[in-house]
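Multiple structures are listed underneath, in structure tokens.
Here chain A shows up in two complexes: once beside chain B, once beside chain C.
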Partner chain A sequence: MTAGAEGLGEEAPALTYASVSGRTRRRLIFDRFIPWLLPLAFVVVLFPLFDMIFWVAQKAVPTFTLATLTETQVGFGGGLYSMILGTLVLIAIGTAIATGIGMAAGFYTAEYAPRPVATFGRLAGNILAGVPAIVLGYFGYYLLVLYTNWGFTTLAGGIVLGIFMTPYVYRTTDLALTSVPPTQREAALAMGARPRQYLLRIAFPIALPTVLTGIFFAMALGLGEAAPIVYTAGWSSTPITGLMQPTSFLTGAIWLFYDLPPSEGTLLTLAFQAAFLLILIVLGLNVIVQLLSDRFRRRLQGLFE
Partner chain B sequence: MSAEGVPTPNGVALRVRHLYVRARDRTILTDISIDIPDKEVTAVIGPSGCGKTTFIRSLNRMTETTQGLTVQGSVLYRGQEIYSPSVAPVLVRQRIGMVFQRPTVFPISVYENVAFGLRLEHQPEDRIEQEVQHSLVRAGVWEEVKNDLDRPALSLSGGQQQRICIARALAVRPRILLMDEPTASLDPVSTQRVEATLEELSQEISIVMVTHSIAQAARASTRTAYLYQGRLIEEGSTEELFERPKQKLTEEYVTGRFG
Partner chain C sequence: MALLPFLILALITGVLLNASALRNFGWSFWSFSYNFLPQTPDQSSWGIGVFVLGTALTAGLAIVFATLLSLALAVSVVVYLPSGPSRVLNMLTNLLAGIPSVVYGIWGFVILAPYFGITVEPTLRSFLFWLPGFGGPASAIGSWGILLAVFLLTIMIIPLTTALMRSALQSVPRDLVDSAVALGATRWEVARRVRFRVARRGLSSAVLLGLGRALGESVAVAMVIGGVTSLPVSLYSASTSLPSFIFFQLDSAFTYPDLLVLLVEFALVLLIITMVVNIIAQRLTQTELATATTVGTLVGREGELER
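Showing the complex of A and B:
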């Protein structure tokens, strides 16, 4: 190559793919593929999700009627009523426990605890979130079924579910409060606010959307769990009338009916319908979370710059 | 120095004596003694890291909200030692307000922002309404926001937000307002508005303003204190300090030879 148009008498700069070689060239070419590889990974992740939803819906929807929701399963027939009721009661107990303890612990960790205690608390929260659900199930079985002499009860199931959900609420509460800009605290204290007034009037409203997201997220996770309740809530086909009785629940129906010997026919269908219903509920919870956080994000715009 | 009941002369809003502020590993402020006059704007100037911000934060016990700082010495507010163990810091901060470098509006409406301190005092609603309007007028922002009181304060411009913060601080009727570079994040027009607000406010209350800008100190203050490396080098009327500085260090700083 000869002098450039500017007449500087230098070689023309190397700008084309052909003008470089070896590793540089391979890297340049690879870079061009990245924008195609990433969407491919995206599809690989999403395909099983849609495939599963489609598969479940295909088996569940044709026979899904109002009776599926309102009738109790008897023998090989009936609907999911007792399981829906059981799941609702279990998740209500679990949410109450997780919200109460998780939020209180989160407040303490973020605002009051001395630093080593807070660090320990966060670590413990992460460990608890990482404990396999089945371990919690056995823990509940020994403590709340055997040791207390309660036997299998809805209450025990709800408590273990609450223990399962608590770390998620705890972590999001802590995170939400610690991410409130410190200038907000300064400003409130400089106005003569006491720390508790700052917490309730300023920090908590700012943190609330994140905390709610955590609670709904914990509910969605709790709804899908079978392991913590299988060993504590037992199983009962009849709709519960009290907390000290065993109960059936939606994830239990999937677990029990899918592999049962006469697994063609009604019970298998019930398993698919329970799965379908759970998917709908979890989807609904996620939509709520999304709407909430969008709304709140608009309200807080400019705060987290 | 037990100072309870020691009279403070008329015209002195705050009397600071032998004030030391220490962090764990170093001394931030050394032996500061100064009288902050009533109903004037006192500018605190000095190069970065000289302790200006720490100094005004020590005047309403905001230093305590930073972990690891210890304060020694005396700050008398109308004859009362604010560092006396029997004094509640919360009450000190209600009388000696503070405005920060960047606007710190809360993510609530304009109205609720200004009402914040009044609600802490459980004032009746009609009084709050009056006081909110009055404070916004005093802060020079009423005309701009009077139709937007229910809008989120965060949706306003930076200059408006800062004046909302001033209004919020004024609403609890402080006798002294501490300002930490109140115009540092504002454009020239907003800066001018805030400075005009300060001049008007100083007819009723004392203002202590930290500023990076020597020009601002010259424009907007009647008294100036020059801090350097944690010590008070010189203080006096702004005019005198700028035109006939007594200390060589002061002269070098105000003539722009360093800092």
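Showing the complex of A and C:
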């Protein structure tokens, strides 16, 4: 390890372990040692990741066929069809609600709200993101299942899922709009654009990829969450027929079948297949988010050049 | 319009408060004795103590381990590793953030639990028996218990805390780092004496947000903690926690009105605790990076999103 420096014309002595002693030497050795020690934490963290994916794949893949996706679970047999369908409907309702509320609120926070109101809205959004999913689920259970007398319905599940996803869409919309370079606004207004024209024609297109990122991120979170919907969407083993009926969903399959005894092993396998499918979907959304954010970055770079 | 999130928050709190007024559990609600007797509900005791203790133990231990590990991860990425490996490692921790909690749960229940019972717990007991909590007997109902829940929670919150700590450490002004280097500080000294100190509010906020996440996790904990409402005697004991208990009791809540209201009270307590934790975390950082960084976690560029 050398830290040679050019002196005034003459070579400064190189700093080596041998050339120093005492405290300085201990400091240098310690500094060499730490980079090998700290990344050990990655082993601790990444080993579970690989172990989890490996085991879930091992339990799910050997019996994973097309029928797993197209058949409905009956007794100990069948596949995940009704759960996939239910998950899709739930996430569609949830995304619609979260996009509507989240984007509207985000727009107003970023562009129209007076500063104290905006600050307060952002704080509330962050707190809402921190509310435990199970609290949302229980709130939905009390209000939408019991109080309204609907019973367990897909609609209730979708609404609660939407509330769960809202803060993420809200905060990304807000962030995306506030991070549009101010020069864009100045240029637009200088050329005579109305505020609304600036917002819709200039700011929104620039912000769109980030907003989409937020929506896809919220979808990934919503897909993997069981707590808000177990209490509201109930469970039904037949494919969904209407919004006011209960439905099955992928995370619910895992929750229902995870602790069955070995004699009912086919259902445990079904739970692992649901887990495998969820991992695949989340990975897919991950890739989409990554591509979108790359595109966003390129577009922003274009703006600044 | 900008107040929509606040209105939703107010609606949730209002509905739960309204529902909790249905039945008064008296002072014994704050005790440690919980014993629900379905046949004679009048003689049941409704203490919240066991649940709070279980929640505090699992989330508290998890945040301690997660803080140490994610501090190490964040420092290695920000200070030591070149950008290539850093990017790969960031991507992998982000992947960890995306995995649904039920998947953690089924993995913990089916794969990890036997391993914990046969290997991990006896090893810990033989080496750490002198530490309180580590010497006790094994869980009576298999190897599901506090330790397994702590392990799962630790891995689940590490992506969040790591991302937040990373951006806190990266936001330290370049000048300060350069000055320290110019004074002859080694990289570790720069990290410890400059970055840690300047970023201490951001780091504490990261810890609190991770704690909030751990406190509220229901599904994965419900699957591995055992769901036993007696006081835990060691870290190997099966236990319970507020969110996992609410999650467990769906069918019972449908049947017994008393339990329904009790769960409302539990949900309220949980809501208030997590709100307080989140508000403190927000106050610590001037940049509002909570959800921003959660999104950034997946995007892998939280430093940019904040601005």
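In the analysis below, the second predicted complex is superposed on the first by the 270 of 305 C-alpha atoms of A that agree within 3 Å, B and C clash if a C-alpha of one lies under 4 Å from a C-alpha of the other, contacts with A are read in each partner's own complex, and residues count from 1 in each chain.
Simple rule for what comes next: contacts are C-beta pairs under 8 Å (C-beta built on N, C-alpha and C of every residue); 3 or more make two chains touch, one makes a residue touch a chain.
Predicted model only: the values in this text are computed from it and were never measured.
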Chain C versus chain B, contacts on chain A by residue: C
Partner chain(s) touched by A:190 [first = chain B, second = chain C, both, neither]: first
First (chain B), second (chain C), both or neither touched by A:246: neither
Chain B versus chain C as contact partner of A:223, first or second or both or neither: second
Touching partner for A:86 - first (chain B), second (chain C), both, neither: neither
Touched partner set for A:158, first chain B, second chain C, both or neither: neither
Partner chain in contact with A:126 - chain B first, chain C second, else both or neither: second
First (chain B), second (chain C), both or neither touched by A:45: second
Chain B versus chain C as contact partner of A:78, first or second or both or neither: neither
Doubly contacted chain A residues - partners chain C and chain B: none
Chain A contact footprint on chain C (complex, rising order): 1-6, 8-9, 12, 15-16, 19, 69-70, 72-73, 75-76, 80-81, 89, 92-96, 98-107, 109-111, 155, 158, 186-189, 209, 212-213, 215-219, 223, 243, 246-247, 250, 253, 260, 263-264, 267, 270-271, 274-275, 277-279, 282, 288, 290-292, 294-295, 298-301, 304-307
Chain A partner contacts - residues on chain B that touch it in the complex: 60, 62, 65, 90-91, 93-94, 97-98, 100, 102, 104, 106-108, 116-117, 119-120, 152, 154-155, 165, 168-169, 172
Touching residues (chain side chain A, partner chain B) in the complex: 183-194, 197, 201-202, 205-206, 299-303
Partner chain C, residues of chain A touching it in the complex: 27-28, 30-31, 34-35, 37-42, 44-46, 48-49, 51-52, 55-56, 59, 101, 104-105, 107-109, 112-113, 117-118, 120-139, 141-143, 146, 163, 166-168, 170-172, 175, 179, 210, 213-214, 217, 220, 223-227, 230-231, 251, 254-255, 258-259, 268, 271-272, 275, 278-279, 282-283, 285-286, 289-290, 293, 297
